[in-house]
Each structure stands twice: as structure tokens, then as C-alpha cells.
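The following pair of complexes shares a single chain, chain A, combined with chain B in the former and chain C in the latter.
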Partner chain A sequence: MRAKWVPFAFLAPALLGLFLFRAVPILLALGGGFTGTGLTGETSFQGFDNYTSLASDPEFWNSVRVTLVFNLIINPLQVVLAFLLALLMAKPGRGVGALRTAVLLPITVSIALTSVMWNLLLDPAVGPVNGLLRSFGLAAQPFFHSQGQALPSLIAICTWRGVGYWMFFMLGGLSAIPPEVNEAASIDGAGPWRRLWHITLPLMRRSFGFVLIADTAANFLLFAPVYIITAGGPDGSTSLLMFEAYRAAFTLLDNGRSLAISTVILLIVAAVATLELRFFRADDVA
Partner chain B sequence: MQATRRTALAGLGLGLAGLPTRARSTTVLKATWEGWPDSQVKPLFDAFNKAYPDATASYELIPFSDLFQTLEVRLGARTPDPDLYSCDSPLSASYGVRNQAMILDDVLDRAQFSKAAVDAGSFRGKLYSAPFANSSQLLFYNRAFFKQAGLTPPTADVAQRWTWEQVAEVGRKMADPAQNRWGLIIEQAERPYQLLPLGQSLGGVALSADGLKSSGFIDSPAFVEGFTFLQRLYTDWKVSPPGVFDPNVTPDLFGSGRAAMFLGGTFNLGLFSNKYPELDWGVAPHPYFARGKPVTPTGSWHIGVNPRTRNKDAVTEFIRFMTGPELQVEWFKLRPYVPVRRDVWDKLPEVFGTPTWKIIRYEVENTAVARPSTPGWREYEDLLRQTLRDMQTGGDVKAMLTDTAAKIDRQLLKYNKV
Partner chain C sequence: MRRGGVARYAAMIALAVLALLPLYWLLISSIRPAGDIFRYGGRFSWYTLIPGRLTFENYAELTRGDFPLAIGNSVLVSVVTVVAALLINSMAGFAFAVFRFPGRATLFILVLASFMMPFESIVMPLYTLIRFLGWTDSYQALILPEVASGLSIFLFSQFFAAVPRELYEAGRIDGASWWQVYWRLVLPLSGPTIATAALMQFIQQWDAFFWPIVAASSPDKVMIQVAIARHANMETANWGGLFASASVSVMVAALPFLALQRYYVRTMMHSGGK
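== the complex of A and B ==
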């Protein structure tokens, strides 16, 4: 009898943390999106005012567009790269140790430090990357200072840092594939491509599902590099929704707008994650 | 066992007796301070703590780029912490109307301070922040660049000050972007503080008199012309390095010999002398447009008081001490900001009699134009700053300014009822 509540007791601290630091802020944001804060801090109910104001704001729609484009590129890119790297590193061999270290090292660098470091490395005037390009006779690039290159540069540095982390989960998935299955297929004459297509990929479905959903959630919430490097510019080309939410609260002093944007992000992430989940579940049944 | 417990209790009693009693406890003041080098801050707080043993003032240094956001969070929480904070002078009205700055009319004698400094801390007749430092800008130049190019550097004579056109022309001759050598580096190359004078020199007014409308002001022909000139420094002429905005980096670029000229604050005077002894540099007055008039930036750091502080007496002592004549002289020696007190100019004649400080005094008294007085400075500055950043990579300046003015006005609407 006693054993019944014991697991709950062990779970309680984690659940409490989850409730306090996840559920409560989400509920506050949902409620706060319907309020406005006066100049001296008093809060009042504003109905859908914040949302109607967002709906008619071209800056907000630009931010939604940039966020969707960013995520449509970065999420598949990181998942595919993480999988390819995991394939490369799954088998022991010469140089794999060094390669693993090279891929895993960026995880140990904080996102803030990553941003500062790459901002310097990609500086158009004094950055070493342009120095390298010049030494090969190539033209120097503006990177974060060009409307066309800022978002791709952001995607590149976030992928540099994030892909090693997601690779871990892919490696876990690969190691869970029973070696006998591959061996049996080899004996039956299946080449590496057929084995990859018909054995590895189907058996990695769960890993792909988890990595894609977790990666999507992380990238929709990306903030630090935009704050540190581009401040949403040039000309709104890197204005991700999280940065807009921050800016609304701390620069434009409009908490209601900030919380409404946060709610929009939450809804988008929930919708995308649900779609992804359904996609992988449907595959499961098939 | 008994003996041990008794001994322990006696020990505890003695221990408690050794602690300071409530009557002798000191008031602790917490300050959120601009991230100047600790060596320039600690002596000031030490001096206060020594002079007022009943109070202990402690501080945390926040880097310039994060200070305003940090203060939004701290003051927005509406708690008594921090008691005091470094207040960028044009934000005084913003903190004031949001009840985040205590009115200091009874704390300071305004007559002791320069009018510009008092005005910068005031909004609609009330003083919301205590003047602590003022600022002005100088055109620093590297003699080696001019010598190498066979050119004559600008003069220190305010009557012969260079025009912007001259700076651009000479800068182009000395810039070599491929070698990371530049004609001109602007210290705060994205901040309205430093860049508004470009339009003001051509007769532009940055904001309406009531501080609530920017359309028709910041996108007026004067600012379009001034900021187009700024854009060309980066795009057409390649005189200045695009994307170099961090005021923690720009002085070092000049100090390490990367630029012929540097438009920067007086606070760099000490930096170049101490950190770059090899650098052969001189100073000249701020440039202006040939068909306009000289205008220079001004205003700087004030001290704000959290109205929720529980230590009003100690805070008053702190403000009076920090803005007092002795400490202001010490502060000047630590970091040569333009003095806010009138009497400081008469002290240290060996400093204020030099050509450099003669230029500065002339600028403060004749050409300085304060940033617009508006409760919406935070929003105004951020939106304009983003546009000034974007401008450096190209784009239609007029369209960008018109768009920004509309965005600013939308934000300023909330202050209509103030």
C-alpha cells in the first residue's frame, strides 16, 4: 500500500519545479496578453487590444515571417546534419575521437559566448574570417551587416553550436538498432544505401521525432544571438519573435504586447510540435 | 554531557555578545551603477563610506550595453532595491513620469550646477535626477596618419573648426579599408546622442517642443541630409568601418592606430594618455556642416533615486556627497567627464587652462544642444538607433526616417496623458 505514494514523493520536487517555472509563467503570459500596464505600473484588463494591435502591425508580421523562415531552414538542417554526423561517428575508426571532440566542443560554449565570439570572427572589417577570404583572393563579406546574409549567418552559428547536442540523441538511436538486423540484411545482399533506407531510417523514427520536436521548440525560443549581435537588424531581417517580445517589454515598455507575442510564440510552437508529432505517430502506425 | 552543553551555551552567549547590536547597525545603500572601471568607482564609494560611517553604500557595475534593460527590470519590480542608480540624463523624464525617480528639488541647490545639467535632469520644472557628469565631444586625430599622407591636421581653434566636408575629404585620402585603416571612427556610431548633431548642424530639430511628436522633425530635410552624409561615410566613401558600434571597442581601434580621426568623448583623454603612450594624438573641435552651424552633443550621467527606498536620509547624504565640490574634483581626476558643478571649473586651473579643456568649455557654453526632453526617450532612442545602424549598410535614408518617425510616434502616444 505504502509503495503507491512513494513514486509521487520522488516526482514531487521535479513536478513542483515544472509547475513553478513552466506552467505558472505560461499561465501568467496567457493572462497578461489580455492586460495593459499603465505608466506607473498599474495593470488593467484590455480584452483583445494587444492582439488586434499586433494584427495591424507590419513589424509583427515581418517578425512572424522571419521566425518561420528561420525555423523552416534551421530545424531540418540541424536534424539532417546531426544524423549524418552520428552516422560518421557511430563506427569506431581513425580520427573519430578527434572528430567527436570537434563536434561536441561547441556545446560547452554558452550561447552568449558563441554569439560574442562569432560576432568578432565574422566582423566585416576586423574579423579573421574575412581575413581568410581575402588571403584566398575572395571578396570580404558583410555577414551580419547585410540584409541578405544576416539570417543565414545566424542559422550557421546556431547550427555550429547546436548540432553536436542533437547528434548525441541520434547516436543513442543508432546504437539502439540491433546489429543482427544489419548483419542479416548484409547476408541477404543489401548494400549500405538499402540498409540505410530500409533499416536504419525506419528504426530511427523515434529519435528523429524527438530531435525534430525538441529542436523546433529550442529554435522558436532563440533569443541571445539576436540580442547580442544584430538587435533584429539590418532592417528587421533577423527580428525573431522572441526578440520582439523582449523589445516590447524592455524597450517599448509595453508588457501587454510582450506577453501577447509570447502567447503567439507558444501557440505556433504548440501547433508545429503537434503536426510533427502526428507525422511521426502516423508513421509509427504504418 | 551536561558540562558540554553548558559550555556550548556559554560559548553561544559570548558569540552573540560579539555581534554588533541593532542600535549600532549601519544603513546599507545599494546602487546599480554604470560599468565604469572599478578603479574609477570604488574610490568614490570608499570616500562616502569613510565620511558617513553610519551608512554603507555598495554598488554593482552593469556594462553600458545592459544597464538600461537591467534598470527596467529592477525598477519595474517596484521594490526598494536598488536605492540609487546611474541615470542617463535624457531618461530622467521617463523615470520621473513612471514614478521610478524621486523628485530631488529639496535635495540639491540647482544654482551650484550648470543650467544644461539641471535641464537634462528636469522635466516640467521638477528635478528627477542629480547631475553627476556632463559630456562633450572632440575630434581626436592621429598625427602619424597625417604626416604619412602629407596632410595638415585640424586646428584646435574653435573659430577655424573643420567642416564635415573637410573631414570626409581628408578621411578618404587616409582610409585603406583592406588594411583595416580608417579615416574616421565615430565612438557611438549608432547612438542619437552622438549623431543628432548631424541634422541639428543643418538647422534640424529632433522632436516637437512637447516631446511627443517626431514625424516632421526627425525625418525633416535637415536630418535626411545629415544622415545621408553619415551613410556615405560608410557606403560610398568607405571612410568609416561599418558595423563597429560598441563604444568599448571604438576608442581602442583609434588607440591602436587604426584610424586617422576619432570623434569621441572627453572620457577618452585619460584612456589615450594612459593605455596608449606610444600614440601621437591631438584634439580639435567637433566638425560642422559648411552651410550650417556648429552643434555638439552634451548631457551624460546623473544619479537617480528609487522613490521606494527605505533609506531616504542616507540617500540624501549620498547624493549631496557625490555631487559635492570635493568629490566632483576627485571624480574628474578619476574620469575626466565635463564637470556639472560650476565651481569645479575654477579648481584645477592646470587642467582647465589647457587648449583641450578650453575647447570643451567653449562647446559646453556655446554649441552644446541637449537631447530632446521627452518621457519617451527610451523608445525614441531605441527605434532611431536601429535605423542609424541599418542606414550604414545602405537604403533610402528619407524612407527609413519617415518609417521610424511613424513608429516612434506610435510609441509616444502613451505619454499624451502625462
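== the complex of A and C ==
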């Protein structure tokens, strides 16, 4: 007795918004990836030219490699840390609310401001982090100014900002686990590790799926720190694809190439997210 | 307190300090005289942590400009966005979780794809659309494009799919319409998910920078991140003003977090006390 229109009535407002403000602009951007801009500024259809030119560009491939390395490290790292943090902070108690808020606060600093602030904190000369290292008799570190440390520094500051935020999603998942389940297992003699492995983790798969996919999308689309701090350097070591897309549009004035790179980013995120959905079997919604 | 309890609190406090120290630096830098801001960074001393000389001039300066207006605009835009977004995205999440209908899988994939495209690459087409609608420099230009959110729909659908189907069926057998099942049965169970989705979209709007510059650049629509960023450009930086405005931004944005915290603790104690 289910009227056929009911689901569509529930979907209509949100899908109308997504269609107008996301789907249409995305389709136009995807189309733009197949165009080029001539010397006189006119736009013309160029087929796959932007893609073939990217495919033969070593800088583009370096950027793909950097982006994949960055994401292969930062996404699992943030998800695992967020989960451990949530386990640590799940149980209510005196002051726990304030401590949770403390680890959440970094997300309220915008990503641009996070970049400006950490660029100063990690400055080789005037940065307090190096000041602290020196006061312990340790050598000052170059951080963003060294090819080897720039990407790890980027991962560190994004994790500082993001991990408390993702913890919040994990707390939501943990709070949805009925306490009776754990109590019953406890009475049956299951220790804390077995309860974690056999009860908590399986019941958290939706939370893990959501956080991993949301985090993956956020990190593949990361742009501000590279733009503000490193400009892709030193020596291409932080040249994320988002920065390459920016460079194509604003330095090379080649909008078609920029949109082609954006399309590549969309395709990679979609492919990775599909794998993640499968892995956590969080796709029974779809 | 048991030994495990002491260790747990020690770990939580250490992590809280790690999270807060950079923000503390931001705050103390905002009340130092301009000449002192970078003076004690490179060589560590007590003055690195405790400002020797204080000034509140940076804050006084903020109250004289358009910063209060920027806070007001950002609060308005964030709150309206969150309220509208919670309603329509939870409805869509409910539909994906509860109903089987033709085109469902395809639509869900499109919902997911909507947050995977770099925003920067859709800004120009989006701006063209807003201009076509005659919305440039308006609140609706700042609010409406951010209300429907693929990420939020995804979050709600994940939660609603975990609710036992018997609950929906029971409601239907009792003669409730689908709207009543959604509004009276399911939403009241979704506290933490609603809180999380609200937080997510609040942060999205509070951090908004690029879109406000493009779509609503008139002085009366200034948003907080735009006002903060004006203290620094490629040539010069008013560090004191930057740090003061950033500190205010963190403190204002912390308020909904604190409110939601209480709410979280309550739901968790409730479920723990059964």
C-alpha cells in the first residue's frame, strides 16, 4: 500500500538543491575539460587534447603520485586516530565534555588560517616549535622548507585540525551501540580486546565507512595549505593535484587543463570511495 | 580513582593540551604589542608562553570596523543553513534508507559524487547561475547553494539504515503516515546524528571564504573568514589584527560545540544508565 510517489516527495527538496547547485555546475565543469582557450580568448571544443597533454606531462604524474602518497597516509591515519580518541573519550565523567571540546576546537580554525598559523609556528627562525626544540638542545628543523619534511608536516597540521572533528562522528557511532551487548559479552567472559574486536568494530562499520569516505573527499580536495605555505614545493614534494589545477587556471591561464585535472580528481575520489564503501560494507544503502 | 582512570585522564589531558597549545599561542599573540609577537618564538623562555606586556588595542580596533557585522552575517548564514539543511537532508537520507524505488542506486551515486568534485572548479558555473537568478550580493546566494549536502544525506542514510525495519513497519501498522514515521518515530531517535550533521554544516559555512568573495562581495554581506583574511595579504600583514579576529572566530564557533557536547554527554549517559 505504498504510494509510488512517497520516496520522491522525501527526496525532492534536497535533490532539487543538489541538481541546481551541484549537478549542473559539475556537468558544465566536466564539459569544460574538453575545451581549450585560444590566443584571442575564445573557447573551442578540443576533444581529449587536455587529457593527452596531461598524460605526457611528468609534472602531472608527479602530482598524481604526491596526491596518492599523501592520501594513502593521511586518511587511514586520521580515521584510526579519530577512533582511538573516541574510545578514550566515550565514557562520560567529570570534565570529559570540556576535554572533548578541547580536541574539537582546532576544526573551528578555518583551513586557510590553520595554514597561516602553522607556517609561523613551524618557521625555522622565529617559530616557537623550533624554539622549543632548541631549548631541549635539539637541532632546529626545516619542516615546510625541506623536501623530506614538507609532506609529513602537511599531514601533521591537517591531522591536528581534523582528528577531533572526525572523533565526533565516531562518538556518534559508539553512542548508538546498545550497552547491553557489551554487558552480555562481559558476563560471558569476553575481555576488553575481544569485545573491541568482535562487538565494537563490527558495529562501527557504518561510522568507519562514513568517516573514511568523508575524510578521503576532504583530503583529495585539500588546497589552502599548499597554496599558502609551500606553493607545491620544495621541488614538487607537496604538489597536490588541487594545486596543479589552480596553477593551470591562474598561472598557465589554461582553464580547460584545470578542469581536466579537476575531473581526474573526481574520478580518483569516486574510485577510492567505491573501494572504501565495499570494504566497510557500508553500501547496503545504495 | 583506579589506576586505569588516572592513565585515561592523563592521556586525555595531554591530547587536549596538544590541541589547545597552538590556539593558546594565537590568543596570546593577539594581546602582545606588535613588536613582541615574534620576539620570543625562536628562543624559548617563559615569555614565549606568558606575554610580558599586554595590549587590547587589536580587539578595540576590531570593534571599530566591520568585524561585528561579519560575525553577525556568518552567524545568520550558518544558522539558517543548518536549520534548512537538517530538514531536507534528513528527509532525503530517510528516503534512501527506507524505500526501494526505481533509480535509487543511480541517485545515491550522484549524491555521493556531489561532494567529490573540487568546489573551485564549479565556482564559475555556479556564479553564472546565481547571476542568472539575480541573487548576487544576497543572503540567499550565500545560503541556498550550501543547504542540500551530499555528505549530510549520506550521514543520515547511514544512520537510518541501521534503525531496525520493524520500527518503521510497526509505525505503519499503527496507521501512521510515512511523514509521521519520519517525524515522530525516527527523528526523535536520531539525536547524535542530527547534532553531528548540524556541526558539519555549521563548520562548512563558518569556514566559507572563496564562495562569499565570488558571490557576495558587497561590504554589507561580509563574512567572518573574509574579514579575518583582510588582515593579511601577499605584501603586508597586520598580525595582531589577524590573530585577534581569528581568536574571536574560534571562541564564537566553540559555542555550538559546547552546546552539542552537553547534548552528547546526556544521550550517552542515558544509554549507559539502562
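Basically, the second predicted complex is superposed on the first by the 260 of 286 C-alpha atoms of A that agree within 3 Å, B and C clash if a C-alpha of one lies under 4 Å from a C-alpha of the other, contacts with A are read in each partner's own complex, and residues count from 1 in each chain.
One rule holds in what follows: contacts are C-beta pairs under 8 Å (C-beta built on N, C-alpha and C of every residue); 3 or more make two chains touch, one makes a residue touch a chain.
Because the structure is predicted, anything quoted here is derived from the model rather than measured.
Undergrad: Let me test your reading of the model: by the given contact rule, A:A125 touches which partner, first (chain B), second (chain C), both or neither?
TA: A:A125 sits against chain B and chain C alike.
Undergrad: Look at A:V181 in the shared chain and tell me whether it touches chain B only, chain C only, both, or neither; answer first, second, both or neither.
TA: Neither chain B nor chain C is touched by A:V181.
Undergrad: In the overlay, answer first, second, both or neither for which of chain B and chain C A:S135 touches.
TA: A:S135 contacts chain C only, not chain B.
Undergrad: Once chain A of both complexes is superposed, is A:F210 in touch with chain B (first), chain C (second), both, or neither?
TA: After superposition on chain A, A:F210 lies in contact with chain C alone.
Undergrad: Given the touch rule stated above, what does A:M242 touch, chain B (first), chain C (second), both, or neither?
TA: second
Undergrad: Between chain B (first) and chain C (second), which, if any, makes contact with A:P234: first, second, both or neither?
TA: first
Undergrad: After the superposition on A, what does A:L252 contact: first (chain B), second (chain C), both or neither?
TA: The first partner, chain B, only.
Undergrad: Which partner does A:S146 contact after superposing on A: first (chain B), second (chain C), both, neither?
TA: The answer is first: A:S146 touches chain B but not chain C.
Undergrad: Counting residues of chain A touched by each partner, does chain B or chain C come out ahead?
TA: The partner with more contacted residues on chain A is C.
Undergrad: In the overlay, answer first, second, both or neither for which of chain B and chain C A:L72 touches.
TA: neither
Undergrad: Across the two complexes, what residues of chain A are contacted by chain B and by chain C?
TA: 123, 125-126, 134
Undergrad: In their shared complex, at which residues does chain B touch chain A?
TA: 68-69, 72-73, 76, 78, 97-99, 177-178, 180, 241-244, 253, 375, 378-379, 382, 386, 389-390, 392-393, 395, 407, 411, 414-415, 418
Undergrad: Which stretch or stretches of chain A touch chain C in the complex?
TA: That would be residues 2, 4, 6-8, 10-11, 13-18, 20-26, 28-29, 32, 85, 88-92, 95-113, 116-118, 120-121, 123, 125-128, 130-132, 134-135, 160, 164-165, 168-169, 171-172, 175-176, 178-180, 206-207, 209-210, 213-214, 217, 220-221, 223, 242, 245-246, 258-259, 262, 265-266, 269-270, 273, 282, 284-286 of chain A.
Undergrad: Over in the complex, which chain A residues touch chain B? Could you list them?
TA: It is residues 39-41, 59, 123-126, 134, 142, 144-147, 231-235, 247, 249-254 of chain A that touch chain B.
Undergrad: Hey, which residues of chain C end up touching chain A in the complex?
TA: Those in contact with chain A are residues 8-9, 11-13, 15-16, 18-20, 22-23, 25-26, 38, 40-44, 48, 87-89, 91-92, 94-99, 101, 104-105, 107-123, 125-126, 129, 144-145, 147-148, 150-151, 153-155, 157-159, 161-162, 178, 182, 192-193, 195-196, 199, 203, 206-207, 209, 225, 228-229, 232, 242, 246, 249-250, 253-254, 257-258, 261-262, 264-265, 267-269, 271-272, 274.
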